[in-house]
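In order of appearance the chains are A, B, C, D, E and F, and numbering begins at 1 in each one.
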Amino acid sequence: MESPYQHEASDSAYQFAKAALAKGHEILRIFFYQDGVLNSTKLMEPQSDDRHIQKRWTELGTENNIDFIVCVAAAKRRGINDTVTAEGFTIGGLGMLTELAIEADRLVEFRA
Amino acid sequence: MSEETAKLMVVFRTAPYGAIYSFEGLENVLIMGAYDQDVSVLFIDDGVLAIKKGMDNSGTGIKDFSPTFRALEAYDIEKIYIDRASMESRGLTLEDLVIEPEIIEADAVEKMMEEQKNFFMF
Amino acid sequence: MLHLVNKSPFESMALEDCLKYASKGSSIFLYEDGVYAAMPGTGVADRMSAVAKDYKVYVLTEDLKMRGVDKVMDGITETDYAGFVDLVEANKTASW
Amino acid sequence: MSEETAKLMVVFRTAPYGAIYSFEGLENVLIMGAYDQDVSVLFIDDGVLAIKKGMDNSGTGIKDFSPTFRALEAYDIEKIYIDRASMESRGLTLEDLVIEPEIIEADAVEKMMEEQKNFFMF
Amino acid sequence: MLHLVNKSPFESMALEDCLKYASKGSSIFLYEDGVYAAMPGTGVADRMSAVAKDYKVYVLTEDLKMRGVDKVMDGITETDYAGFVDLVEANKTASW
Amino acid sequence: MESPYQHEASDSAYQFAKAALAKGHEILRIFFYQDGVLNSTKLMEPQSDDRHIQKRWTELGTENNIDFIVCVAAAKRRGINDTVTAEGFTIGGLGMLTELAIEADRLVEFRA
């Protein structure tokens, strides 16, 4: 997934996740990689009349028990570490994406 | 206009929302307006889609910035242009737009760029 | 198979690339800036009419509205996020 | 291969260096290799450019990751394919590449995707 | 006028968009993934031969090398970063 | 300018700036906006065999007295504030880009 605000991918993924949950589907995990790792930073301060992408994820995750994994290799390159990740986000290895691919019935990529 | 004002231009050439470029371009125009310079705004290619009427963000939650284009006049930004072919190939006419730019032909674009002190593309 | 296309057809080859590989009868889902391909009267409208004959073409309602596109071409089906979820449930998806 | 392995695939479809996609795609393939799954790798569109021979990063300082593709065999990743038309329209032949993928035609691509448990595009 | 193009000609319309506005004799500078447009023998080579007749086309040496492209088409001039700086000094630039 | 690592724009801008300085040109200012603001984070930790984009900028700026401005509006959306910006980078308003456009003889944009 891509950078929040810069690209619409974060918005599309969020709306898709909400719609899937509303239909009773279970979301195993959302994996943030490439610039998508920036979704996790609690330092984000968008304008007051704009959506707050990180908080929106944290709320969705808390209410629905979704695992948010931030790819460690991608995160390190972009200055994201556990001092800035918000509640609900865990930094994890790329292997967790492989595990997801092995386990999940369906997997959708939201690309830039 | 005094001799000390610089000719500056912002060119919109990407579609709105898929990427943030046109929104940040608009922020840029508004700031330029505050500096009392000789500012032009030009819409070409997918940039013409940024000023389409009828945007409704209720299903996406993304900030709809199209109304802000209507505020350009309040900032004394009146030199607003649109490339005819870009508009037509996207099935649009002036009636479809939130503002009424002056229509220009493609061969005027480079000349307009050359006339500026500096310009930005978004 | 469900092919997701999110790029403007005026700026990117993503949709044409996808069509090189998608077999007839497969589903193409237009969202984000990809929705402009479904707008009537554009420079790609003739091409899209032909595409809509060979493929099932869907377009995301919420992204159309966001962009002020209030009509879609004949042969293209509007679908909201709930319908998008159903399509993903029923198909493997490729993101172009 | 045991019944518990999943068929997984990574598709490279973007050019290297201009954007990081193909590099992160390669990282992904290598990780998959470590999980002992049935992994395929497919190069289509601009993705074929990622395995061009002769890359030299002395003028850019960007990490040249093309040699790592040669290591795929060491990770037991042997199902490597390339789309003929994508290769030809970029003026390339197998001799121009750092590895030797099996050439396939465009109509085999979707079928290959369908056969996977899951796949990623980069 | 100097037009900078950094997108792959196989995936993006950036170069073609730029050519709609650039007057004959203007300079086109290919860098990053834009350098692939200068590679001989590709699907866009005929188009680029025509373009090179009407415009001054330059391509960045360092980005060619990074991508393993060791030959450029006739009519296109290889230029390093120092030459890129000279071109920018001599022209207003537009980034597509 | 665009996100470091994700796009080549940061690399191109850096190599261009170096070449311009080598030719004796003066660089007034480098303005980082959109995802380009991420060039400024000192939390960046690329792999050890890869370039360190932030440090490379800081060195160039210190040696040549270049003003690096990080656009405040873009920075806030992306979780960049003065607790994470590295030495040599100053957070500033978009107005500084207008000032640059008014003053500079030449201006080059490195876009994604």
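Throughout what follows, a contact is a pair of C-beta atoms (placed from the backbone, for glycine too) under 8 Å apart; a residue touches a chain by one contact, two chains touch by 3 or more.
Worth saying up front: this structure is predicted, and the values here are computed from it rather than measured.
Chemist: Hide subunit D: connected chain groups?
Modeler: Ignoring subunit D, the remaining chains still form one piece.
Chemist: Taking contact as defined at the start, I'd like the list of chains shared as neighbours by subunit A and subunit B.
Modeler: Both subunit A and subunit B are touched by C, F, going by the contact rule given at the top.
Chemist: Could you report, rounded to a multiple of 5°, the rotation needed to superpose subunit C's C-alpha atoms on subunit E?
Modeler: Superposing the C-alpha atoms of subunit C on subunit E needs a rotation of 180 degrees.
Chemist: With chain centres defined as mean CA positions, report which chain is farthest from subunit E.
Modeler: Here the answer is chain A, farthest from subunit E.
Chemist: In terms of CA centroid distance, which chain is the most far removed from subunit D?
Modeler: Between subunit D and the rest, the longest centre separation is with B.
Chemist: From the C-alpha centre of subunit B to that of subunit E, how far is it in Å?
Modeler: One centre to the other, that is 27 Å.
Chemist: What whole-Å value do you get for the distance between subunit C and subunit F if each is reduced to the mean of its CA atoms?
Modeler: Spacing between the chain centres: roughly 37 Å.
Chemist: Counting only residues that touch at least 2 other chains, which ones in subunit E make the list?
Modeler: Residues 6, 10-11, 13, 17, 32-33, 62-63, 80-81, 92, 95-96.
Chemist: Do you know which subunit B residues sit against two or more other chains?
Modeler: Residue numbers touching two or more other chains: 17-20, 45, 59-60, 62, 118-119, 121.
Chemist: Can you list the subunit A residues in contact with two or more other chains?
Modeler: If we look for residues of subunit A contacting two or more partner chains, we find 5-6, 8, 15, 34, 47, 50, 73, 107, 109, 111.
Chemist: Let me make sure I understand the interfaces: which chain pairs count as touching?
Modeler: A-B, A-C, A-D, A-F, B-C, B-E, B-F, C-D, C-E, D-E, D-F, E-F
Chemist: Quick check on the complex: what are the subunit B residues that touch subunit A?
Modeler: Going through subunit B, the ones touching subunit A are 17-20, 59-63.
Chemist: Applying the document's contact rule, which stretches of subunit A touch subunit B when the two form their complex?
Modeler: For subunit A paired with subunit B, touching residues are 5-8, 11, 15, 47, 49-51, 112.
Chemist: Quick check: in the complex, which residue numbers of subunit E touch subunit D?
Modeler: Residues of subunit E touching subunit D: 6-8, 10-11, 32-33, 36, 39-43, 45, 61-63, 65-70, 80-81.
Chemist: So in the complex, which bits of subunit F are touching subunit E?
Modeler: Checking each residue of subunit F against subunit E gives 8-9, 12, 15-16, 18-20, 22-23, 25, 106-111.
Chemist: Quick one: in the complex, what on subunit A touches subunit F?
Modeler: Residues of subunit A touching subunit F: 3-6, 34-35, 38, 41-47, 50, 54, 73, 76-81, 83-84.
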